[in-house]
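To keep things simple, chains are lettered A, B, C and D as they appear, and every chain counts its residues starting from 1.
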Amino acid sequence: MAESYAREELLACTVARLIGDATQTAHVAVGAASPIPATAVELLRARQGGRPRLSLLHRRHGNPFSEGSRELFDLAGQGRIDVFFLGGAQIDGEANINLVEAEGRRFPGSFGSAFMYFAARRTILFREEHSARVLVPRVDFVSAPGWSPPGVWRRGGPQALLTGKALFAWQAERRRFRLESVHPGVTPEDLRANTGFDYDAPARVATTPEPTDAELALLRGPVAREIAPNYPAFAARLWRIAA
Amino acid sequence: MAESYAREELLACTVARLIGDATQTAHVAVGAASPIPATAVELLRARQGGRPRLSLLHRRHGNPFSEGSRELFDLAGQGRIDVFFLGGAQIDGEANINLVEAEGRRFPGSFGSAFMYFAARRTILFREEHSARVLVPRVDFVSAPGWSPPGVWRRGGPQALLTGKALFAWQAERRRFRLESVHPGVTPEDLRANTGFDYDAPARVATTPEPTDAELALLRGPVAREIAPNYPAFAARLWRIAA
Amino acid sequence: MLDQPLPSNQTERLADAEAIAARIPDGAFVALPPDYSLVAMEVVRALIRREAKDLRLLGVPVLGFCADLLIGAGCVREVETSAVSLGEAGLAPRFSAAVEQGRLRVVDATCPMVHSGLQAAEKGVPFMPLRGVIGSDLTRRRDDWKTLANPFEQNDALIVARAIQPDVALFHARWADSAGNVWIGRRRELATIAHAARACYVTFEALREGDMLEDELLAPGVLGAVYVSAVARAPRGAWPLGVIGEYGIDDAHILEYARRAKTAEGFARYLDEFVTRRAAQPA
Amino acid sequence: MLDQPLPSNQTERLADAEAIAARIPDGAFVALPPDYSLVAMEVVRALIRREAKDLRLLGVPVLGFCADLLIGAGCVREVETSAVSLGEAGLAPRFSAAVEQGRLRVVDATCPMVHSGLQAAEKGVPFMPLRGVIGSDLTRRRDDWKTLANPFEQNDALIVARAIQPDVALFHARWADSAGNVWIGRRRELATIAHAARACYVTFEALREGDMLEDELLAPGVLGAVYVSAVARAPRGAWPLGVIGEYGIDDAHILEYARRAKTAEGFARYLDEFVTRRAAQPA
């Protein structure tokens, strides 16, 4: 087993495995606030000589775009985004996401999800909170649907759902999640109790692999230095590194 | 009568009258090669404290656009172009223009005419050659139609047709040209013989007003200096001024 | 709607942000950039000082701090946007409260539909098609979005956004010049809203002599004067948001705002301290 | 067609214009800018030297000197364009001759329909609507243009352009940088064709170290590396056309070309002098 690690490091390593190597993935776009997907991409880039390409939407300096806030969506429309990330105030068992409203509460809104979920080749659903409040049988509002009927154009859809407790793979043909692994310290029973939707699970549930020493060395060295300028609070908290 | 003047100066003064003053016209766009419409606009600008705005498509330095060659058409679509100019290998009595092919000869092509003729608020048709070869009963190919039936969106259309011999006004309700004036030295009979299409004419045909001394002074001073950098051959020939 | 042509402007130079706020009438449909773009915060504060009412805000494509401020101050009747958020500082508290209490109508959008609707107005066409979106509940609440058959393919439907024509495009720029041009750099959503809107008001950090369109290095980042109704100087006019190359976002201030604005009382004290009282100060 | 996604590039650095010409296969659908934009003339000459065949040229939105050269040299099967002209130097003589003798197919367009078709591909939508055009004879020869009812208005038809996806976008830039970005300044039609095309090849005047997207003054004129398949240095690579800020159009040369190319023999001698023989010279 590796030395002690933070939960964020486990999640970043898991996201990196989902993205896959440079033969599978040329370009990853990361929107909104979460630094963990960006950390995962930087981990891959540190290993693979700067690949895949990472487009950070809200990068404050050296933003990769020169066509304004429209460019990400045009890129996705062209098919030039391989992997994108979405979360949700609610996520349901059919991979629908809700970013608008739930139980009388108003959330920020759908952002570009209703387009990106169709146009990016793969979407990784990511939400750290794993509770029956977030993972519901049916979302109150569909910001973006998890699947589309035949005849509706759709280039891509969900690849997986990663939370603070577990990793689920999406089964497109069954339109259901399948539990891939629980993170260290989580039991399958604990997971079932905290998940509002039904899902498939193997008889013996694997544990999410922990970060290796090599991964941790990269995360705490070159990756931390890349992440700090854009996510200063995160980098300071996790690695005690200044921007 | 004014001192002696060049035919180009007469035509520029006539175009300036067609454009009208700054209360009627905020923005004139001039495409392609002819320097005479640009000269007309610069004459108005010299008189009216820099108004109307002039967008010269092929201005080599200080081009007014920053969105590339698309911007003129977007501007016209928005309704921000008051006056535009079109010519034709053939022009017919219904104000249709042909920029593509005639009598086995191939011409450059329609450019943006099939859009600009609809979207600019007014179009001045301008062709120096006045002959039955150019001014035909019916164009061989309609690059852009002179009028549109009800139910087809059309913001603007032809205002007038100016040639090296005469000025015609467009009568939208009759879909015919009406002879406004012949240029000095041209007789109504000469004109009829050299025009392939039929048109209305008053019993007594006016003569196109000659440039005034004030107009000539402006043309040969500030206007020449503005025109020379973008149309060096024209300015050198007409006013012996270098760019 | 789109048959009413847009004007070609001769840009006016106004005295200050207050003068621009005076040009934006109650009830106007105002397009605003996101917090990471160039927000005319000093005009937003001036709108609150002049007690603007019934504004409709369009987020291009999302809204943040400036919208939360206007909503909290009671200036806004409706927002049309893909999101309202303070980013890393969390939910927009006055927006959430106003919606949850039924005091604000939200026309929920998704980012590329906003861009497409504005691009339609930019081109003078009545609509523009987009992929995706079908199956989202967003479509149920939008009668300005329709599905349309692809005329080039059997059994292929797309969604179309009706052209969006704001009354006002409002933003801040790093520079304006003597010719009425403004420099927006790579924030091209600002050009799109200026092209689409009936009027465009811009505050700027500093004036440059001459005509930036004559400078080939600056020209790519210029929005031409033909689109700009009026400009006014407002140094640090985007604060507490940023202007790249001049000053960054004041993250500590936004966090402080997020904390205070959690309650109506805290928000009122914030307004008093940072918006209302500044009116009495010399510019 | 559009369901085949476009690549995200890691830009290759090639040796010279010949190496770029070698990447453009016979039969390719190649998008080219107008003469007043940034034309990769050295690649055009290299295509003639390698005896490229059956090219289809797309004028964005018009073509000029470079197309006349390729047509005269027998490299072109078809042109899709709003015009082919030498501007002030008059008609494009080899284009006119080839059309009049039935050796060249012309797909006649009108400028904004070309832009709209490319913008559709840029957005990944199958078509884009435009006003006007209805009633032009252009529509009779285009099965990729259709009329469509406006879904928001009764009795209102528009024309729509099918998305145009070139195989290759080819142009010249003032600068490329170490990150694979190129600087196109205000020539944004080049960005549009790069966004829409399967592959994008760019020659450049000079290399800049670093990443131009990190420089806020240069960034607005940058086309990002993600769209650029490969670049190669070609100093004065646009000659006899120009690069604003570096060198102007060589008007005298274009006039000389127009004079010589009036006859097939004169054109052959021009090719021999200015295109073919240069291949034997060191770069």
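Methods note: a contact is a pair of C-beta atoms (placed from the backbone, for glycine too) under 8 Å apart; a residue touches a chain by one contact, two chains touch by 3 or more.
Please read all numbers here as calculations on a predicted model, not as lab measurements.
Greatest centre-to-centre distance from subunit C is found for B, with centres as Cα means.
Chain pair with the larger contact count among A-D and B-D is B-D, by C-beta pairs in contact.
Work out the mean CA point of subunit A and of subunit D, and you get 40 Å between them. Mean C-alpha position of subunit C lies 36 Å from that of subunit D. Distance between chain centres (mean CA atoms), subunit B to subunit D: 30 Å. The distance from the centre of subunit A to the centre of subunit B, with each centre set as the mean of the Cα atoms, comes to 60 Å.
Across the assembly, subunit B contributes 61, 63, 65-67, 73, 77, 119, 153 as residues in contact with two or more other chains. Those residues of subunit C in touch with two or more other chains are numbered 112, 119, 123-125, 130-131, 156, 158, 186, 188, 191, 219-221, 244.
Under the touch rule stated earlier, the contacting chain pairs are A-C, A-D, B-C, B-D, C-D.
Chain contact summary for the complex, subunit B toward subunit D: residues 32-33, 58, 60-61, 63, 65-70, 73, 77, 99-100, 104-119, 141-145, 148-149, 151-154, 233.
The touching residues of subunit C, counted against subunit B in their complex, run 3-8, 10, 121-125, 191, 195-196, 211, 213-214, 219-224, 226. Considering their complex, residues 34, 36-37, 60-62, 81-85, 87-88, 91-92, 95-96, 99-100, 106, 108-113, 115, 119, 130-138, 155-158, 186-192, 242, 244, 248-249 of subunit D touch subunit B. By the touch rule above, subunit D contacts subunit C in their complex via residues 112, 116, 119, 123-131, 144, 146, 148, 150-153, 156, 158, 160, 162, 184-186, 188, 216-221, 244-245. Taken together, the subunit B residues at the contact with subunit C in this complex read 26-27, 51-53, 55, 61-67, 73-82, 119, 121, 153, 155.
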